[in-house]
Amino acid sequence: MATTIEQPVKTKAEPELLGLLAEFDDPNALIEASKKVRDAGYQKWDTHTPFPLHGIDEAMGIKWTILPWIVAACGLTGGTIAIGMQYWMNAVNYPFLISGKPLFSIPACIPITFELSVLLSAFGAFFGMLVLNQLPKLYNPLFKSEAFRRATNDRFFISMDARDAKFSEIDSGEFLNSLNPVNVEEFWSDVESPKLPRNLKLALSLVGVILLMPPALVAYKRSTTTNSPRIHIVPDMDFQPKLKTQNTTNLFSDGREIRPNIKGTIPRGQFKDDNIPLYFGLKYLPEDQDVVGIALQDEKKADEKQPAAAEKPADPVLDAAAIEASKLDKLPWVTEFPMPVTEKMMARGKERYRIYCSACHGLGGEGDGLVSLRAMDLQQGTWVKPASYHTENVRKLPVGRLYHTITNGVRKMPAYGAQVPPEDRWAIVLYLRALQKSHEINADTIPEAEKRKLRDTK
Amino acid sequence: MASVTAEPIDTTIEVPGKRTPLVTGAHDYGTVTDAVCRLAECKTPTAWYVALGISASLMGMLFGLIGYLIITGVGVWGNRSPVFWGWPIVNFVFWVGIGHAGTLISAILFLFRQDWRTGINRAAEAMTIFAVICAGVFPGIHIGRVWLAYWLFPIPNQMAMWPNFRSPLLWDVFAVSTYATVSLLFWYMGMIPDLATLRDRATGKIQQFAYGLFSLGWNGSSRHWHRYERAYLLLAALAAPLVLSVHTIVSFDFAVSQLPGWHTTIFPPYFVAGAVFSGFAMVLTLMIPARKICGIEDLLTDRHLENMTKVIIATGTMVGYAYAMEFFIAWYGGNRYETFAFINRAFGPYAWAYWIMVSCNVISPQLFWIKKIRTTPWMIFVVCVFVNIGMWFERFVITVTSLSRDFLPSSWGYFRPTIIDVLMLIGSFGLFMTLFLLFCKFLPMVAMAEVKSVMPRPGGQSDHH
Amino acid sequence: MHTSSDTKNKIRVQTLAELGPRPMQVALGCAVLLPVAFVIGLMTENGTEKFAFSYLQSTFFFLSISLGALFFVMIQQLTRAGWSVVLRRLSEFLAMGVIPLAVLVLPIVLLTLAGSDVLYQWANAKIVSEDHLLQAKAPYLNSGFFAIRYLIYFGSWIFLARFFLNKSVEQDESGDPELTLLMERRSGPGLLLFAFTISFAAIDFIMSLDPHWFSTIFGIYYFAAGLVGFFSVLAISLIYLRSRGLLQEPVTTEHLHDVGKLLFAFNCFWAYIAISQYLLIWYANIPEETIFFLHRQSHGWGVVSLILVIGHFAIPFVFFMSRWMKRNPKTLFFWSAYLLVMNWIDIFWLVLPNAKSGGETMSVSVGMILVNVCCTIGVGGLYVAGILKCAGQKSVMPVRDPRLEESLEFHNI
């Protein structure tokens, strides 16, 4: 008898019948009952058991879950990400050759690819299960039933949803009673929606505020400048008791921490006398070697020179600079490259130039590098604009002199001899020459095709 | 609480064709729940507070020492040239190894349908996670500048650097962190239904809230159980190769090098066997007292213990096989450095460590061939303690003997630990025990839902076969 | 565990003899190919080497299957396994294959005793006298000790295989549960013996083909290969026997599914062992070790190596993973046969690149493959005939095993 019940007009204060709950004390009885509910054609119903009951899937007609496919997709994603990441990071973005291993090779990729595939698959399995089960769902009207508390202990339940098309309070109740349950009860919606306790709200907001503090602090510090030096968390590591180049010590009789070369020895890789043009940019070594800033190989000579060097600061600085410049002009600079000029050398020079020089001198060598522009911007009084290569003075300089400048620096420009090996310095000089050529070219000598290309790039 | 009485039966005797029950005593579903929840719900025994006090102080000592180490530098350890991988790495490998039993029990034994695992899997998984935490501490502080540890991960940084993915040490980072994450998921997922049980039994507001939050609103729905079981099976299928991969990759840390005594192809399976071996020994060391104190001997019977001892003989023998094979091939390969490395191990300055290792790892588990020892809990306990010691020494022997003998005799050295080394190892046990004690008190120690599913149904049918 | 009458009905004594004389005839017919292989070998260049290496490959291919079976039988007894009882007898028969193989391997040992260096260079006194490394290894690698070890290996295996088959057959008569307990007790030490014999056998017969090269994992590699071979053969023979009306009711889809799972799992295990060996040698890059893979990347062997990586692992890993593939007898048969072929290629890849032609690794050639295939079929014929002979009138199922009912009622979760 499918009589519909008169639905009372809904008001907000009225609780609503959500469904029926039948309790069983025997798992086998539950399975039998489930078969009957399934056969009766109900759709929105469920059983609740304290452990996974075998045979209930068939008894309820539960369909096979799609979870394995989710897991497979996640695993595949993980593997792809891993391979892509390792390739891009180690072979493209930050190629770094270590112990002769190829930048990218399949065998070395296997472990991490495997791990990430498993990791993402596991996320897929866990979170996929939660999502498919629509968990977490902390509020459930069933939890109000005192009897239902035993659903996670030792009792077995059938819950029937009132929204099921076949559901009617009386018929369904009778039907459930016919399945021989221990008990059948109704469950109702709440009149008011449940609220979080006030204390909890307070505690949660407090936790939220505390959690926000570190990022806020970081953001603040990142956007402001400070005059105080940074905090030394680990002073032992920041101030290590070790000897440094410019400090004094009582350990040695001469009071210097830096140790001079041992008499009669040459440091490894520092023997330069066999190729003066390559190492010094000079045709031959002049008498007054101090001017060239040559690291003297003969300790005896250096000792003789020392008093002279000590006198120097007495002179006015500008004078000294002028004297030095004039001395330099007279030196026998080489005018030809002391090594074969090749395409490869040019490419190397361009690369090195862009690394070491362009920051100040600019990509085109006009003295408009980013560092220079910023210094001008800040209007720092001590800043001297780097020289442009395209002035007559610089154009006239022989290659040996340019090489010397890179090696030892000039005015504000520091010496690069310690950082850039001689071959690379010559390569930079070569590129510098090319830059100069590019600025004084006669437009007529350029072929039409090249001109078009230049116009297009504008 | 219903007290359970029944005729005691010897669970270690198996009559072919009749399976011995996994739960003894006259238990039904309700009494299993009572037995497991007792510790979380009743008054805490004083012994627990005492144990927690001791472990927490040791843990505090560990943290203090870590602070000291960070401020002072790694020189506080005994790591000196040529042994730069001293105790920290030994401890790391030791703890990671311990962490293998849990996932092995929950995943591989699950796939092999070993129903007896239900009694021990929860506690073993918890141990896994705690052991991996202990393990993670050591390489973390071994890098020296702890605040730069994030460079180990592919996180964009101000240096525009990326980690070197060709390094086995980086593989380790991925393997151990993946393992920790997946083990945690596995453990937590297994616990959701049991947390729901605790929630439904809880009387206090705080307990109701906490258990309610972490049980995610689990209501035992069969539709949920269906997906849950698939997810559990899938996680097990994923965790099984994962657990092999972790110690395999740890072994790569050593074996991809060209150092005599480290570079040998058997390392991956040998390390895995060793890890399972030590893990099971640790599970037994903890569970033998714990089952007594917590009164869960009906759920964790002598049979469970006996089965675990059998796993210990099997894996211990595999480890012995690897020792023998290494020795044989060191001679057979005809490489003098290799031969020297092994002769030096057995008869050199570290011979004492080597023979401790051999007697604890290979000889002591052979005692388990005797049934009397297999079925007497205190004897199992003693043997397992020896196995734990032996496995620590195995890692010591591998790490230290090979490093202390460089190719150049002028670079030879003898490693001596400092007091900090020793205290840190002890402190790591404090960390481990603290976590374990908290687990015993607040979380379901036995997987109730799983135990119920292997119990005979009232109708007389079991769910598993 | 209550027994339904339905289960009881499934228990029937059936023997391989019910298949008729046909299988034995086919097996013996195949054996004719063994001399054919020899003749083909003689007609091509380096024929003796080709035949000798092919013969070694064939015997050790089948040996791996029988040893896998022996391991399976022992581990099932040791772990008190219930599900596998219905297929255990078949495994016990397969394990008995060590008896014909003992005879088949004998010529190799005799040849070595005679000082021939066709297979093993260390057997030749002249080569040893010029090679410092071989002199150092001579206490182990000498033909006398080799022959003694051969006796120990095959003696142990025959003993174990016969023990487990005989006790199990005895139980068919008596139904005595004590026998099950006895086998359980013996299987532990049995496995220990097995582990050492199989490892050293692999080292002696296969690894020492290149006496300079060494790898500690080699024994495990051969063991892993053998398990893949065994589970393939087990699945193939179960499906075949069921199609011939044997074991049709007792062995269900559930059992086939489990064999499929084990096949899949041990194929992954094989891949794990293989990659462990490869990765460590590749990474450390020590010439004395990399030579092994170098030989297997030149002279056409690179293709074979790739076939193993992709065909033995990648393809079955992706396509054989699904549950459906393992539960459908047709697809299971296909994958088992496929993996058996792959296992054959694996042993081929282990053994044949050691064959030399004028100091160089011998290239893969049609002739070589032809000789090897003929040889394998020939040896296989004798092997199967031997097993059929051992099986004789014995039941194909342990009909009175105490755990038989559990096995018959077995269901996967």
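Which chain is which? They are A, B and C, in the order written, and residues in each are numbered from 1.
The working rule: a contact is a pair of C-beta atoms (placed from the backbone, for glycine too) under 8 Å apart; a residue touches a chain by one contact, two chains touch by 3 or more.
Nothing here was measured: the structure is a model prediction, and the numbers come from that model.
Novice: So using the touch definition from the top, which pair is joined by more C-beta contacts, A-C or B-C?
Specialist: Of A-C and B-C, it is B-C that has more C-beta pairs in contact.
Novice: Whose Cα centre is nearest the centre of all Cα atoms in view?
Specialist: The most central chain here turns out to be B.
Novice: Of the other chains, whose C-alpha centre is the longest way from the centre of chain A?
Specialist: The most distant chain relative to chain A turns out to be C.
Novice: As a quick test, compute the distance in whole Å between the mean CA positions of chain A and chain B.
Specialist: That gives a centre separation of 34 Å.
Novice: Per the centroid of Cα atoms for each chain, what is the distance between chain A and chain C, given in Å?
Specialist: Roughly 51 Å separates the two chain centres.
Novice: How many angstrom lie between the CA centroids of chain B and chain C, rounded to a whole number?
Specialist: One centre to the other, that is 35 Å.
Novice: Quick check: what residues of chain A touch more than one other chain, meaning two or more?
Specialist: Those would be 54, 101, 108.
Novice: Hey, what residues on chain C touch two or more of the other chains?
Specialist: 279, 283, 413
Novice: Taking each residue of chain B in turn, which ones touch at least two of the other chains?
Specialist: Answer for chain B, listing residues that touch two or more other chains: 168, 229, 241, 252, 464.
Novice: Per the contact definition, I'd like the list of chain C residues that touch chain B in the complex.
Specialist: Where chain C meets chain B, its residues are 1-2, 80, 82-83, 133, 136-137, 140, 177, 180-181, 188, 192, 195-196, 199, 203, 212, 214-220, 268, 272-273, 276-277, 279-281, 283-284, 286, 288, 401-403, 405-406, 409-411, 413.
Novice: Can you list the chain B residues touching chain C in their complex?
Specialist: 14-19, 113, 168, 229, 233, 241, 244, 248, 252, 255-258, 263-269, 313, 317, 321-322, 325-326, 329, 332-335, 369, 460, 464-465
Novice: Quick one: in the complex, what on chain C touches chain A?
Specialist: 275, 278-279, 282-283, 285, 413
Novice: Can you tell me which positions in chain A touch chain B when the two form their complex?
Specialist: 26-28, 46-54, 56-57, 60, 62, 65, 67-68, 71, 85-86, 89-90, 93-94, 96, 98, 101, 105, 108-109, 111-112, 114-116, 118-119, 121-123, 125-126, 128-130, 132-133, 135-140, 142-143, 148-154, 157, 200, 233-234, 236-237
Novice: Enumerate the contact residues on chain A facing chain C in the complex.
Specialist: On the chain A side, the touching residues are 54, 100-101, 107-108, 110.
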